[in-house]
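A short worksheet on the structure shown next.
Letters A, B and C mark the chains in the order given here, with residues in each chain numbered from 1 onward.
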Amino acid sequence: MKVLNVSSTKRTELIDITSAVRKVVRESGVKKGICFVYVPHTTAGVTINEHADPDVARDIEDTLDKLIPRNRSYRHVEGNADSHIKSTVVGPEVFVFVEDGDIVLGTWQGIFFCEFDGPRRRKVYIKVVEE
Amino acid sequence: MKVLNVSSTKRTELIDITSAVRKVVRESGVKKGICFVYVPHTTAGVTINEHADPDVARDIEDTLDKLIPRNRSYRHVEGNADSHIKSTVVGPEVFVFVEDGDIVLGTWQGIFFCEFDGPRRRKVYIKVVEE
Amino acid sequence: MKVLNVSSTKRTELIDITSAVRKVVRESGVKKGICFVYVPHTTAGVTINEHADPDVARDIEDTLDKLIPRNRSYRHVEGNADSHIKSTVVGPEVFVFVEDGDIVLGTWQGIFFCEFDGPRRRKVYIKVVEE
């Protein structure tokens, strides 16, 4: 299991980790298999979406903030109930296929760490499994 | 494939199944690998979130009920269209890593079966795959 | 890695791909393992839900369109920001277990390709991994 370190600078922030994940896969020596990406936090997540136009990530951030606002009345008293709920909606994990020693993504796809309660220092766990 | 039995007592209810999943992993004898958790129902799901403060699970339940209300006008006539939609938003599956014969979770993470059309008796399927 | 071709006919459309996935699994010769399904697009996704009553898929389409409307003010100027956001909410991937050479689904479960910016020709990547 490899561990990536990610630092967020805003409360809600999608951070492109595609290059870092690709590096782990290349260094693993696995030619054909699956790369599993896991976020061990309860107020963050991971998603795959367009990384050519950074406005897409901003729209995802804004829309999640609108659908699940910070200042609704929640039971959890730490002021980050919305962050936990966003984490469940987006999910804490993704997998991508590995072929010829590299990750297989669609033309526009990038992998994003999703911060929902930043700024913070975070970790991402990765396993690359041979087929 | 191992099968867990889960009984819900409310219509919408997050139920902590972390200990049960951990038991399956320990008994599998797998030291290093991945544990896959799958819900074979269309009005339920599975998520990973904070299980230290039970208010977080209650906030997730309430917010999903608000975003996808039971009594909107739907086509599906069984009165549980909202339950199906929640199932797709949360998702029917998660994976967690296995190291040293045990599941690897973040400090605050627990695994929750998500009931969206209870009370019912439900099943959860688990596979623990050696790396 | 196997590639399925899917053609959508509407902007938002859940398309049942259960039979096509099942065929890939049967032809793979894998008796016991996991089937991984991955969508290499940023305005589409894949989900598992009821495929007995087609109204369930229609309700999912309508509700996602209501929660994340096309004509809100977004930054991304291509007119499909909502499609990208739906993709992150639903997710680009699922896994299903394989036993006795066939996929294991719950009684009511089917696998749906989720088009959020059609009509288009799309691809779905599949890997069937032996346990």
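Here is the rule we use: contacts are C-beta pairs under 8 Å (C-beta built on N, C-alpha and C of every residue); 3 or more make two chains touch, one makes a residue touch a chain.
On a predicted model such as this, the values are computed, not experimentally measured, just so you know.
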item: Angle (degrees, nearest 5) of the CA superposition of subunit A onto subunit B; value: 120
item: Interface residue identity across copies subunit B, subunit C - same or different by half; value: different
item: For subunit B paired with subunit C, centre-to-centre distance based on mean C-alpha positions, whole Å; value: 20
item: Interface hub residues of subunit C, defined as touching at least two other chains; value: 67, 89, 91, 95
item: Complex interface listing, subunit A residues touching subunit C; value: 34, 47-50, 53, 55-56, 58-60, 62-64, 67, 89-91, 94-97, 99, 104-109, 131
item: Contact footprint of subunit B on subunit A as seen in their complex; value: 1, 36, 38-42, 67-68, 72, 74-78, 81, 84-85, 87-89, 91-93, 95, 125, 127, 129
